[in-house]
Amino acid sequence: MKTLIDKAEVLIEALPYMRRFVNKTIVIKYGGHAMTEEELRASFAIDVVLLKHIGIRPVIVHGGGPQIGETMTRLGLKPQFVQGIRITDDPTMEVVEMVLGGRINQEIVQLVERGGARALGLTGKDGSMIRVERKLVGDQDVGRVGKICNVDPYPIRAAADAGFIPVVAPLGVDMQGVSYNVNADDAAGALAAALHAEKLILLTDVEGVKNGQGEFLHQLSEIEVKKLIAEGTIREGMIPKVECCLDALRGGVSSAHIVDGRMTHAILLEIFTDRGIGTLITL
Amino acid sequence: MKTLIDKAEVLIEALPYMRRFVNKTIVIKYGGHAMTEEELRASFAIDVVLLKHIGIRPVIVHGGGPQIGETMTRLGLKPQFVQGIRITDDPTMEVVEMVLGGRINQEIVQLVERGGARALGLTGKDGSMIRVERKLVGDQDVGRVGKICNVDPYPIRAAADAGFIPVVAPLGVDMQGVSYNVNADDAAGALAAALHAEKLILLTDVEGVKNGQGEFLHQLSEIEVKKLIAEGTIREGMIPKVECCLDALRGGVSSAHIVDGRMTHAILLEIFTDRGIGTLITL
Amino acid sequence: MKTLIDKAEVLIEALPYMRRFVNKTIVIKYGGHAMTEEELRASFAIDVVLLKHIGIRPVIVHGGGPQIGETMTRLGLKPQFVQGIRITDDPTMEVVEMVLGGRINQEIVQLVERGGARALGLTGKDGSMIRVERKLVGDQDVGRVGKICNVDPYPIRAAADAGFIPVVAPLGVDMQGVSYNVNADDAAGALAAALHAEKLILLTDVEGVKNGQGEFLHQLSEIEVKKLIAEGTIREGMIPKVECCLDALRGGVSSAHIVDGRMTHAILLEIFTDRGIGTLITL
Amino acid sequence: MKTLIDKAEVLIEALPYMRRFVNKTIVIKYGGHAMTEEELRASFAIDVVLLKHIGIRPVIVHGGGPQIGETMTRLGLKPQFVQGIRITDDPTMEVVEMVLGGRINQEIVQLVERGGARALGLTGKDGSMIRVERKLVGDQDVGRVGKICNVDPYPIRAAADAGFIPVVAPLGVDMQGVSYNVNADDAAGALAAALHAEKLILLTDVEGVKNGQGEFLHQLSEIEVKKLIAEGTIREGMIPKVECCLDALRGGVSSAHIVDGRMTHAILLEIFTDRGIGTLITL
Amino acid sequence: MKTLIDKAEVLIEALPYMRRFVNKTIVIKYGGHAMTEEELRASFAIDVVLLKHIGIRPVIVHGGGPQIGETMTRLGLKPQFVQGIRITDDPTMEVVEMVLGGRINQEIVQLVERGGARALGLTGKDGSMIRVERKLVGDQDVGRVGKICNVDPYPIRAAADAGFIPVVAPLGVDMQGVSYNVNADDAAGALAAALHAEKLILLTDVEGVKNGQGEFLHQLSEIEVKKLIAEGTIREGMIPKVECCLDALRGGVSSAHIVDGRMTHAILLEIFTDRGIGTLITL
Amino acid sequence: MKTLIDKAEVLIEALPYMRRFVNKTIVIKYGGHAMTEEELRASFAIDVVLLKHIGIRPVIVHGGGPQIGETMTRLGLKPQFVQGIRITDDPTMEVVEMVLGGRINQEIVQLVERGGARALGLTGKDGSMIRVERKLVGDQDVGRVGKICNVDPYPIRAAADAGFIPVVAPLGVDMQGVSYNVNADDAAGALAAALHAEKLILLTDVEGVKNGQGEFLHQLSEIEVKKLIAEGTIREGMIPKVECCLDALRGGVSSAHIVDGRMTHAILLEIFTDRGIGTLITL
């Protein structure tokens, strides 16, 4: 009997979110362990397919750094980074395109299809969706690394309107039609803004954002984020993530979430429970 | 952590039902304690409003026997029954109409409206929706008690299409426009069939159907029902309920449920859990 | 031959009105002898059904004072009035709801249905359509008598769009969901305004408005109304009626008519003849 | 007071016809005195415009024999007939086209436009609407006189759907694109059938059909028609008219009427009174 | 091989025009040799039907001066002109209406129908489309010659929307319903403006506009037109044509063309080649 | 002057094809020199974009054999073939997916985008569009080479409906979600059939089909194809191409064309000239 009351409570907690998010777009940056461990891949597929089935419109943006590195090595190319950004000469770019657009993207499409929803793979080059210009690191040219200038979300909308879960590889194209490598978090954020998404969810390999005392933070405002960066509590890899969230929020996304992708059903719990499991960032 | 996994499981259990029942009609016979006890009234309103909000189309059919009796007494009329059926002479019928159509119906409308959904009260006379002929008990005339001949569910559909939760008082009208008292379970079953409802849920004041050993039965087929009636395990008041369910099923309703209305959130748990909490009757 | 020319003239007189009023809403306050005498009831049903059949959208708002009084007496309650307004304590209100919403409303629904159109009964509580606050008479509390604050005509529109003639009982509900008795003329006027009705027709038991010389007035402007009230020519029961008309006109209704409901086919003649048979009130 | 009751009766008689004929097509053959006398022309325009305004779809098919003859004479051509059919050599045909399509058709268009409805002139050549082959009288070639083979009512429907009253000149065209003169009654009947018209009304210069005793006949079945022809009671000019009616009825028109066009408002009275003023012919 | 490359070039030149003009209206003034010589008539029909078939909306406006003169002569009427404008007394107007509306219009309808498209003949009187007032030449009354005041292009739009090629005779009607003769170029220009046409094409019997040196001009601006008129290079009959073009352009037509109608397929070449074959006039 | 008549003739020849093919789907197998030589790539892009702009729906299916071989070599893999079919072990399949789906597909997308139309890249795995089973060569297992079982053209339709030119890489997926290499001609043929395409055009590096005397054949029926194969005139690489055409025709495609992709604007000339430039194969 206890169980039933508990169940009823979970439902009463979750149902209003269902109502609120019907027909809303949720952009999920997919990467890290959630993409490589079998159980997490399965739980991710279940979550995304369930979202789709109850009328929410998920959009998946994926990364693929490790797989790029591995293929480069097989081809005798040596991965090099400046401030965490891959130096992308032409042979490297060829590998980036093949691995992101040709292999990983299609693996995720099949993962979702086997889970019971229809998926359609896209890259930022389809419909020239993600327009970029060459990005400098400081004043150093790191090759074909793109800074997003403009996003035309029409291909994603068309795919979603046709009933597909769009799966997007983070590539971009400049005005001359040259293709570029784009950071996956940035791509997810920019697409979320362009799609007027309800939520941006970044699946990461950390628990979320913590304060100086190591306590997990359920919610963070822009001001708090800035303070935590200033005091050095948020640092390194987490900085671009929170900034990507803030950019998306400023671009019109209703809420942004940094969520631990190593937890099974992380997406479902983040969306359908009052407190969520990750860190919610708001303006 | 355990809790989160539990929550995820409840959601994964419930979400497919949401998908399956979106835009489907569920007819709920509302009566007994669920209608008279304050806490159960509140939980009923929450359940029905949640159903509506996630895209399901609930239809409420209510009874009102005790309230009719009470008003008759105040008017100096003496309630009389033959085989559980109220003898309905003209003064009694006037009370029936006033209490069911004028008072209880509107109380439920307000209960739902306060819960946050829009409700619209109807009787079987609106649009001449429930056509009846005079019902005999054996060969005894019991007055204006109607046997349902035909149901035109259009007024309910129109109300539901307009976004209302229809609340229906079980009155009927014959070809001469004379009004009749109708059994609420029968009305719910006939409306469910006419509406091609996904489910008929009869809220009762018992736990469900039990077998000869007193064990609760989660599911019953038509054949099992007949066997249990033959052995005398199902008897008295439960017989018309299970027969009403069978009639609805034969009329095209996908499933019929006899559910204990004394449990809070009985409707939610019946609909969104794999096992349900009542007895599911199928053909 | 003379007859044919006469007929042609009647048609040529009437046809333009048909054209003008197609798809327009006409709110009719129904009460008095027109509601109690059999021949007038029949002629009322014919008129309303004909309006509906030629594409006009009639809305009926009914009263029921005498019937409330009679039922109160049978229940041992004593009707009491202050300045013509019924003192409505809780037992009285229960009777009001049962008689208006449960009995009279449904009788009119059946009257119209038998006449050949589809009717659907509503009260001001359905969809919380008529929002009221407690009305004081002078500074005396007369119980659950409501003053209309706000009207949401959506339930009526939904019913009319679905092809029904809406029949409305003059009940209201406050923000706490408590129900109130509302004056039927006021309800008709407020609904007419909220529906942007073409016409408001008040069926009364007098011939119309007369001037000081006892001459019948075919048409009256707001200024003339005020003058006639000032000189005492319009008085007592007629004052709230003409004020109700003026309120409706100010609320956007195109014309308001006070019509003698004791004449057969009063509605038809008022609408389809150049001169009408009642008093037309304009701003 | 008497007048009002009479008016109500006329309305109650007429209103059901309005309802029945809304959106229905009524084809009117227009000719004779109704086309040449000023008062009748005015009354015709009023009738047709009223029909249009209350939602009926009138289609006018006109003749023009006398005007053709007059123009021929002015051009020095001599009208000649075989069994009442005009011998139509090429110079005659040129006059027919100019008079019917260029003059009379446009005069009627303007008559209707001035009456307050929109009219659009067509001939059977527009859209190759009336396909004909050469008609022989017995075995005599009478020139460009067409026998209707096929009617494509699309141009009329397009004009009516666009809100115009179509006014049609009875010309036809063969498969080689050569134009022909067509009998106006035949054109009206064939168009009525092709349009699945509700009614075909032939305005004539006689009172209607009479029996052997000279008594006016309100209604005639196919069998009675045949009998009256056999006895010689229906003869000469009336024979093709009743046969045209029978053809239209066999082609799916609901009713055909031969009406005295010399009576003012003949069309209105025929359509909106129970008995009509002409002879109704049915299968 | 050369031929194929040439063909590809013609197609690459033409295809963008197809795209640009799809669903656009092109008004063609049809007259002169193009209307009287058999080969040119055939090539005109081919061009217009092809335009229609690839999704362009041609509208034909025709003249008919010579044919009017000829018929007048046969009727013993003597054509008279003031400054090139026909003096149009009532007998002349009757001929104008019969010849333009009854004969020429229908001949063009049949020409187009035989070419494989659907055509529908209209005059400026249909739907009172071309409203005129009496035009004076200087201060001389020249009879029923109309100056266009207002154009309601709805009948043309309705015909084109229904899939027809509208063929328009240049007649007009004043506010009293009296009909007038209208200059065909003026009618074409006014209709083009009212229809927001993409192009106005005037087919003429000259090669186009030339400069003082007799050199053909491919394109002319308003300023250049005025200069050429001022120096007397553009004169007489060409002046009203270029002014009609300028009026149409000011009324919102995108481009106006004066094209030599004596060249086969003049319309096709003007529309689908970069340079065109006539003189393009722009603001 | 000669040129203008020639131009008119080319247009009159081409325009009916435009009309016939508007909104029709044309599937183009793109490969060989047309894909590798810069001038031919440019001419291909012009042709495809023009088709799109005039309302035709082109679908591009591409191959990529040489590029796969080259990348394999760089990765130290050795391409091997059995009867012209690539032996596709898992490492080879990884290269196939990366090169076809990741590189070539996106290069064509950009080629079309730069040409001025919107393109969207797909593989047979998107939406599990091309379902395959493992193909044996004789009874030899050649690895992940797929034989097409079923095609769901919905993703292509969705992309085309949204305004994109779909660009499809010939990959397939079996019921377990394993991906396979598919022959590009076969994929083009099967997609053309599933899309009920108007045309299938195979761009090849030969002139077309020739008879035993080496004469080019403009048109070939199924029977003639079989005879030419039997005599050995059609042989080797051409056999699967003509069989692929016949399969598509049997599947409902209206016509199939084998066209020399080495000619500039081959597609335009094939579609818009009466004779075409390749070999038309019909049932």
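Each chain carries a letter (A, B, C, D, E and F) given by its place in the written order, and its residues are counted from 1.
Here, contacts are C-beta pairs under 8 Å (C-beta built on N, C-alpha and C of every residue); 3 or more make two chains touch, one makes a residue touch a chain.
What you are looking at is a predicted structure, and each value in this text was computed from that prediction instead of being measured.
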Number of hops, chain A to chain D, where each hop joins two touching chains: 3
Where chain B and chain E overlap in contact partners, by chain label: none
Listed chain pair C-D, E-F or D-E that repeats interface A-F [over half of contact pairs the same by residue number]: D-E
Which of C-D and D-E has more C-beta contact pairs: D-E
Centroid-based (C-alpha) most distant chain relative to chain C: F
Numbering shared by both copies at the chain F-chain E contact, with half separating same from different: same
Identity of the chain that, by mean CA position, is farthest from chain A: D
Centre-to-centre distance between chain B and chain A (centres being mean Cα positions), rounded to whole Å: 47
Centre-of-Cα separation between chain C and chain B, whole angstrom: 35
Whole-Å separation of chain centres (CA-atom averages), chain D against chain F: 61
Residues of chain E touching at least two other chains: none
Graph class of chain-chain contacts, one of line, ring, star, complete, other: ring
Residues of chain B touching chain C in the complex: 71, 74-75, 94, 97-103, 105-106, 109-110, 113-114, 118-123, 125-128, 154-155, 158-159, 161-164, 171, 173, 177, 179
Chain E residues within the chain F interface of the complex: 4-8, 10-12, 14-16, 18-19, 22, 46, 50, 53-55, 263-265, 268-269, 272-273, 277
